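In the two complexes that follow, chain A is the common piece, with chain B as its partner first and chain C second.
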Partner chain A sequence: MSDAVTLTLATQPTHTLVADCIAADRFAGLGATAIAALPVVHGGRPATLGEFFRVRGERASVVRIEGDCTRIDGIGTGMVEGELMIDGSVGRDLGLAMSGGRIDVRGNAGANAGGAPAGAARGMTGGEIVVRGSVGDEAGARMRRGLLVVTGDGGRGMGKGMIAGTVVLFGNAGPGTGRFLKRGSIVALGEVERPATFRYACTYRPPHVALLLRYLGSRCRLDVAAAQVTGRYERYSGDLAELGKGELLRWVGA
Partner chain B sequence: MKINGVAIEDTFAEAFTMRVARLLITGQTLGWAKEAAVKLTGFATSVIGCKCEAGIERELPDGETPDGRPGVSVLFLTMDKASLPEQLIVRVGQTVLTCPTTACFDGLPDAPDRLPVGKALRVFGDGFQASKVIGGKRYWRIPVMEGEFLIEETFGMLKGVGGGNFLILARDADAALAAAEAAVAAMTGAPGVILPFPGGVVRSGSKVGSKRYSNMIATTNDAFDPTLKAVTQSQLPEVVNSVLEIVLDGTDGPSIEAAMRAGIRAACRPGVLTITAGNYGGKLGPHHFYLRKILG
Partner chain C sequence: MTTPARLRIAGGTVYDPAHGVDGVVRDVCIEGGGIVAELPAGAPRLDVRGMVVMPGGVDIHAHVAGSSVNHARRLLPEEHAADPAPAPRLVDGPPPRSGTGGTVPSTFATGYRYAGLGYTTAMEAAVAPLAARHAHAELDDTPLIDSGFFVLLGNDDYLLRQIAAGETARARDYAGWLLGVTRAYAIKIVNPGGVAVWKSGGAGGGRNVSGLDDAVGSSAVTPRKILETLAGAANALALPHPVHIHCNNLGQPGNAATTLESMRALAGQRAHFTHLQFHSYGGERGKGWKSAAKDVIEYVNGHAQVSVDVGQVMFGSATTVTADGPVEHLLYASSGRKWVNVDIELETGCGIVPYSYREKAAVSALQWAVGLELFLLAQDPWRVVLSTDHPNGATFLSYPELIRLLMDRAYRDDRLKAVNQKLLAGSALLDGLAREYTLGEIAIVTRAGPARLLGLSHKGHLGPGADADVTVYAPDADRAKMFAAPRYVIKGGAIVVEEGQLRRAPAGARLAVRPDYDVAVKKDVRRFFDDYATVAFENYGAEP
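Then we have the complex of A and B:
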């Protein structure tokens, strides 16, 4: 048993590599050989994780990934617990339908981070994803619970169809952010375009946002400005074309 | 044993096991947090008449509170498990929820026994309430006219200690009061301890039951009433003309002991003749705080 399992990208995939076997809780019961033998799909063909990653450590629910994983999809799929720290960018479907644990990406993430598998009703149902960069389209789409934090910009349709949970976006939001939101919160600290089906409620200091941002500052060591913690936010209720129990909270300054 | 010429009686304070919760109340200013806490802990001096005992444990600087605002820590005690959530739900709902700018957090996060206080109060939101999980804890956001009231879903409950005490026997009422005030000042802010009575001081110590009224569960402690020295089996020396009591509740025995040590030392001042403590012969409460041992 090790303190952590470290995966170092040794061979850059030439095609998209679907590595949905990488999840912190899954590695907790596996030795290094078994981890290396986990199945992946490379360009539509079956392969093993060991063909691309050098594996150090075993039987640990803390997993570190080193290397540029932009071409690697599905990291953290279905994760239930544990910690997954990625030192580099990742492809699409990060933390797909995860239900617990924590994923921390020091780079960008592709589309559908924290989202739902194709055809599924729910995206992530718990846990935390922190992306210290930007995300692709539809990050947090249909998420049911949990927390998605993006320090960079969001793509199109961020939080689309969210059922609940929280998205915090430090950068600018892409078009269609929050559309079809049923419940849940999107906290926008940068520019955001309000969907037409959201209605302005008030400008106030939401106490849970202060608590959340302080948590992100202390737990995740994110650079949160005091004015964001104690500042005022415009609250837009929506999506009124859906349940209308969600909210878009737009920071408007101290 | 004497401290500053004040005799410390060779006796002990007898205290009881109670259930305790710690609430952290924050506000936009310390003043608003205290306002809520004072109302919350009002009429909570003794379980005999109030069904609970509560008090402000200490003031919390910005850096010590979950939301980074100034706040106060409050301890709340009852005799049994069932009545603690009942009291908290009613009192927090009427005093903290109603108070501008405040939020309410659990101060015993590691306690396995959880009381669903926020969970019960959420329904004030009439369906418009929403919850958020932050750092593994669930909070309820209850919409109110001012904005939102934030409260943690559950609060921890531990076994605590209630009824730690000592009595200040003084030459006159002025000396007793001055000593009591000095003791309270020395104990204020002690971690894990509250003084539930007004100003931390009790002038009407009681005995169990009544000599005359069968329906009374507690009546005046005539053995320590100076005006009754001539007509009852008094425990007061001739020169004692006033007695005040300090009652302490807390999260644990060592916290009570530490506060008693500080309080008794501060109370040993001119005009005070003896420090003693109240007990029932050791038959009722499992916690015995021996004065000389504490001060030794």
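Then we have the complex of A and C:
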């Protein structure tokens, strides 16, 4: 047993590589050779993780990934617990339908981070995803529980159809953010367009946002301004075309 | 081993209820795809001493092919991702195919999985005539099972017009023509008149029929008239399987009254009432549910012309697929799940809602209990067939678990304790039903019974002249384990499952009827097609 399993990208995939076998809890019970033998799909054809990554360490639920994984999809799919730290950007479906643990990306993430598999009712149901960069479209779509934090910009339809859970976006939101929201919170610290089916409720200093941002500042070492922690937020209720129990909280300054 | 032309399945304990054989050690001899009385002593042997030998399973009611099933597949990509079905390693024959599983498996996977369960015949229970060609194409791609389908007629516009005009003979001839032109096996009625009302919006703003004497468009057309006309047609056309009926008011509290009324309406005629569990509830709409299984099965017990299949609900994921559009709307509204509803032109409707039955949910638990009550209170297993209305109540892969519930009282009582008891008051199951099915009775409800009810004289038994469809199980006190993984399956004389592994996947045969009818009806139908149909008369149907 090692302190951590480290995957170093040795061979850059030439096509999209679906590596939904990478999850911290799964590695906790596997030796290095078993990890290298895990199945992946490269350009639609079966391959193994070891053909692309050098594996160091074994049987650990702390996993580090080094290298530019922009072409690699599905990292952290269905993760239940443990810690997955990625030093570089990743492709789509990061933390797809994960239910626990932490994923920390020092780079950008593609579409559908923390989202749901095609056709499934629920996206992530627990755990934390922190992306220190921007995300693609529909990040946090159909999320049921958990926390998704993005320090850069969000794509289109962020938090689309969220059932519950929390999204924190430091950068600017794309169009359609929060559409079809049933419950849950989207905290927008940058520019955000209010969807037509959301209604203004009030402007206040939400204590739960202060707590959350303090936590992100201390635990994740994110750059959170004091004015954001104690500042005023406009609360919009929505999506009124759905259940309408969700909220979009827009920071409007100190 | 390769499949020899002759084979003696030697020394097994044979259950062949059609011939009164109930657990007798004897050989079963196969030659040229059929069962024969005896073989020379030197014929190749398959030693199955200590194992249980039964005819191949026969599924009387499942949804495995056609446009509705395909809609369901398209609705469920998440199930495909979660349950990929890699191609099996076959030793010879056509190349194996990969596919997807979930509650509605792809065509090849359906065939492979049925055979893996020891089933060698399955009937697709609802095909719109317009989709007949599609259904045949899919059944062609579903290996290992002999199959056929029931064609939907209970809400067909041309048929309802004939009933309105009092043209019973023409309605019968139309049914005869349609069965032949679509290469179907039997007539299916789904929510007679209800789907037609749902599609037309209803005269008084109604969205369904609620009883046997509601008007369907014309006051001369009622669910009762539809049942009478089609049951009469099926019997007059001398079809091997009587009319196959999904009653009105499926899944609604108090619907047992409608079910019993439908049975009485057809008293004295042969009729098959399908997925009876979904039609055996007491109580009242808006005021709660209870079991009415006892009343319904009592009627069935006392009337030899009536046959049923149970449509058992099992806990877990399912997908409801039916021509009963209004029911699916109710289910969608109550579950909030994704759904599909389709209007199939002049013929019928279709609705699909993925669903899950939960032990902790009061209605799911009631449905589970009602199904078991029907099984355990049935006096004549020949007329009460095992089914889950795959994939509506559960998938066919849950049959072994269902068999265990029927055969093992201790296990059943244990499971009963774990389910929501809220609606179970007054159910016979809660009072404690001691009955345990025997292996012989299981052989009846899964093979001999359905084969007889379908009029398949060459299926469901092991006498000379029968198809060489044989399943061999290794006995196990855990009946679910025993029935989930047969040791050998022989299909049409070919050993398709060997030592529990799928080895061959020959194509299955198509089961279809071509009844005699007065061809004069074709002229009138052609005129109707010219006026109303989107398809030219010449292009209709599924004749090769």
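We adopt the following convention: the second predicted complex is superposed on the first by the 254 of 254 C-alpha atoms of A that agree within 3 Å, B and C clash if a C-alpha of one lies under 4 Å from a C-alpha of the other, contacts with A are read in each partner's own complex, and residues count from 1 in each chain.
Note that a contact is a pair of C-beta atoms (placed from the backbone, for glycine too) under 8 Å apart; a residue touches a chain by one contact, two chains touch by 3 or more.
Note that the structure is predicted; figures quoted are calculated from it, not measured.
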item: Chain C versus chain B on the shared chain A, clash or fit after superposition; value: fit
item: Touching partner for A:120 - first (chain B), second (chain C), both, neither; value: second
item: First (chain B), second (chain C), both or neither touched by A:252; value: neither
item: Touched partner set for A:204, first chain B, second chain C, both or neither; value: first
item: In the superposition, chain B vs chain C on chain A residues touched; value: B
item: Contacts of A:212 with chain B and chain C, given as first, second, both or neither; value: first
item: Partner chain(s) touched by A:10 [first = chain B, second = chain C, both, neither]; value: neither
item: Overlay on chain A, chain C to chain B nearest C-alpha distance, Å; value: 20
item: Contacts on chain A seen with chain B and repeated with chain C across the two complexes; value: none
item: Residues of chain A touching chain C in the complex; value: 116-121
item: Residues of chain C that touch chain A when the two form their complex; value: 75-79, 81-82, 337-338
item: Touching residues on chain A, where the partner in the complex is chain B; value: 126, 145-147, 166, 183, 185, 202, 204-208, 210-212, 214-215, 219, 229-230, 245
item: Residue numbers on chain B that touch chain A, as the complex places them; value: 66-69, 103, 130, 132-135, 139, 141, 147-150
